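Each chain gets a letter, A, B, C, D and E, in the order it is written, and its residues are counted from 1.
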Amino acid sequence: MIVFDLLGGLLLVAGTSFLLLGGLGLWRMPDIYNRIQAGTKATTLGTLLTLAGAAFLQPTWALKLLLIGVFLIFTNPLSSHLLARAAHRSGAHKTATTVVDHLAEDRTARNTNDQGERG
Amino acid sequence: MSELLLAMSLLLSVVMVGAALVAIQPGRSLPIIILSSGLVSLLASVQYLLLAAPDVAMTEAAIGSGLTTFLFFFVLSRVRGGDRG
Amino acid sequence: MVRHLFVLLLLTALGTLFFALQAGFSPDSELNQVGRYYASHTAQDLGAANIVTAIIVTYRGLDTLGEVTVLFLASTIIGMVLSKGMQKGGKVSDLPPAGELLSTGSRLLVPLILLLGCYVFINGHLTPGGGFQGGAILASAALMLLLADPLRPFNSRFIAVVESTSGLLYVVIGVLGIFVAGGFLDNRILPLGSYGTIFSAGAIPIIYTLIGLKVGAEFSSMLLKLSKTEER
Amino acid sequence: MADIAMATGFILILIGIFGALTNRNMLRMIVGFVIASTGVNLVMVAVGYMRGRTAPILDDAVPVADAVTRIIDPLPQALVLTAIVIGLGVTALMLAFTYRLFVTKGTLDISKFRELKW
Amino acid sequence: MVELLIYLAAALAGAAVLFALARFIKGPVAADRVVAFDVITIASITGIVLAALAEQREIYLDVALVYALLSFLGVIVIARYLERGL
């Protein structure tokens, strides 16, 4: 079982390195959208790897760890999506290097269409 | 491995006190203050777990995560404009 | 400011007191008498693996009854305080829509959250958790529905019926304990079963389920009363 | 570890009381109360902790025979568990009153409410 | 060996929490702080799993279960507040 232990420990370290990368990206990235990107994707992957590592270390806990992972997969994208939309709607400004904003383009296009039909 | 638990407890204490200090600053806006108090209760939950009280930790996690935050933000959204006091 | 000076004085006094308390504290190395009794007798007498649950439901069951009553009073008073501004009909609101992802996600997640709540309070005598935690999780499901669609019509009559029925059954089980077993809220009105399985510990799972339903209904009605108030 | 948690709890109580007494805004005062109550709960749980022991839940890792020597005191945990749930009820009540007062007077400043002051 | 790896993992997760705390205190807009809040929540799930491994108790994982399913509610509430939908 020494192989399992070693593999589990390495997975734990890999997962928490992703967590650290997420935290670092949260600190270093220039604007809110980049920070959401770093702060949710990397940490989700990191937590899943950590759970897998714990399952290798203690094989009898695997079912509960799997459930935790499934719940994370369900809930994390939902919160990050809503957060990004809220940031966009509340008008958080972008940095100068972020130039593509498809949501705002869609909005303005829809608004001009509506006015055209009405007029 | 009690040193690990000790170090985690120390880190949690530092973060909790930092968040609590943010939560009572007079100059901060109200949403940030409420968010900080939510952070305090969230970290208190992990602290309870380290103190070998999983029942209390689960209670704090279930109540502090959604319900308290919702109550505060709901009242805050209804009193918009009145928070100049 | 004079006021701030008084506050700082008070805090200094409190801080000195706390420092003295902290300096004079030495953690026990042995359980005290009460703790030792609970630790050694719970498994044989009550059949519950979670000693905290045994204390809450059986040893100090009367306190729990009082606590549930306090929650009921808080919910009722919130209803009374807010009753003037209650929304009558379905008024069209100007809130931005919740979005497709949130409504679909709530359809997926609300059954999961309800299931987790039921798991938590049915397994209260074996794993951490119990009625209060499960009730809070059930109320979180109601909160999720409310977030996905703020104008959703809730069946508040159903919530009231669940709350009163579970409270009534809780008291009935407690009174039954006087006649069948040792006293009020004794859990040995049912056979103890085999230790460590789900149908064990006598009436503790039933009582905790009732507490969970009651607490969940009380928290949900608090949330609904607050969110149905429309007076800007 | 109990010392660290207890000191944190005391500091949180002091911070919360300071916030509740120096702010005039009612919502900020309620936040101070919530932080102080978290500190009280933390102190009470820390009193029950014993070094080198584990949670008072018996399973395969802690058999019934070892219970007296291996678990910590379960009574403070039961007290704190109920205290947290009551705390949510009290917070909701305070928020409902705050909302009602705001609707009546249009302000959240507590020094504007002078009807009962004499 | 494995214990050493667990220590290393805990140190990495702690560093992530400290970075998130710095962003929480500094963050220019409210949404930045909410992202930091989210990261601290997810890191505390890792902390709970590590504590369960250190104490060798399976029952601690129930708390992580509740965390994983309920912690997003706080973020959703704040997001709905920020877009004025509450």
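As a working rule, a contact is a pair of C-beta atoms (placed from the backbone, for glycine too) under 8 Å apart; a residue touches a chain by one contact, two chains touch by 3 or more.
Note that the coordinates shown come from a computational prediction; the quantities given were computed from them, not determined experimentally.
J.: With centres defined from CA atoms, tell me which chain sits nearest the overall protein centre.
T.: Answer for the innermost chain: B.
J.: Between A-E and C-E, which chain pair is linked by the larger number of C-beta contacts?
T.: Most C-beta pairs in contact, of the two: A-E.
J.: Greatest Cα-centroid separation from chain D: which chain?
T.: A
J.: Per the centroid of Cα atoms for each chain, what is the distance between chain A and chain D, given in Å?
T.: Each chain's C-alpha centroid was found; their separation is 32 Å.
J.: Please report how many Å separate the Cα centroid of chain A from that of chain B, as a whole number.
T.: That pair's centroid distance is 22 Å.
J.: So, what's the distance in Å between the C-alpha centres of chain C and chain B?
T.: 19
J.: Any idea how many Å lie between the Cα centroids of chain C and chain D?
T.: Chain centroid spacing, chain C to chain D, equals 16 Å.
J.: At least two other chains touched by the same residue of chain A: list those residues.
T.: 71, 75, 78, 82, 85, 89
J.: Show the residues in chain C shared as contacts by 2 or more other chains, in ascending order.
T.: Residues 50, 52, 96, 102, 109, 112, 120, 127-129, 132-133, 136-137, 140, 143, 147, 219, 226, 229.
J.: Can you tell me which residues of chain D touch two or more of the remaining chains?
T.: 2, 7, 18, 22, 49, 51, 54-57, 59, 72, 77-78, 81, 85, 88, 92, 95, 99
J.: Looking at the whole structure, which two-chain pairs count as touching?
T.: A-C, A-E, B-C, B-D, B-E, C-D, C-E, D-E
J.: Touching chain C in the complex: which residues of chain D?
T.: 2-3, 6-7, 10, 13-14, 17-18, 21-22, 47, 49-51, 55-59, 64, 67-68, 71-75, 77-78, 81-82, 85-86, 88-90, 92-93, 95-97, 99-100, 103
J.: For the complex, which residues does chain B have touching chain E?
T.: So the residues of chain B touching chain E come out as 1, 4-5, 7-8, 11, 15, 18-19, 22, 29, 31-32, 35-36, 38-39, 42-43, 45-46, 49-50, 52, 54, 57-58, 61-62, 65-66, 69-70, 73-74, 76-77.
J.: Can you check the complex and tell me which residues of chain C touch chain A?
T.: 96, 99, 101-102, 105, 108-109, 112
J.: Can you tell me which positions in chain E touch chain B when the two form their complex?
T.: 3, 6-7, 10, 14, 17-18, 21, 24-25, 30, 33-34, 37, 40-41, 44, 47-48, 50-51, 54-55, 59-60, 62-63, 66-67, 70-71, 73-74, 77-78, 81-82, 84, 86
J.: Over in the complex, which chain C residues touch chain D? Could you list them?
T.: Those in contact with chain D are residues 3-4, 7, 10-11, 14-15, 18-19, 21-22, 25, 27-29, 31-32, 34-36, 38-40, 43-44, 49-52, 55-56, 60, 63-64, 67, 70-71, 74-75, 77-78, 81-82, 85, 126-128, 132, 136, 195-196, 215, 219, 222, 226, 229, 231.
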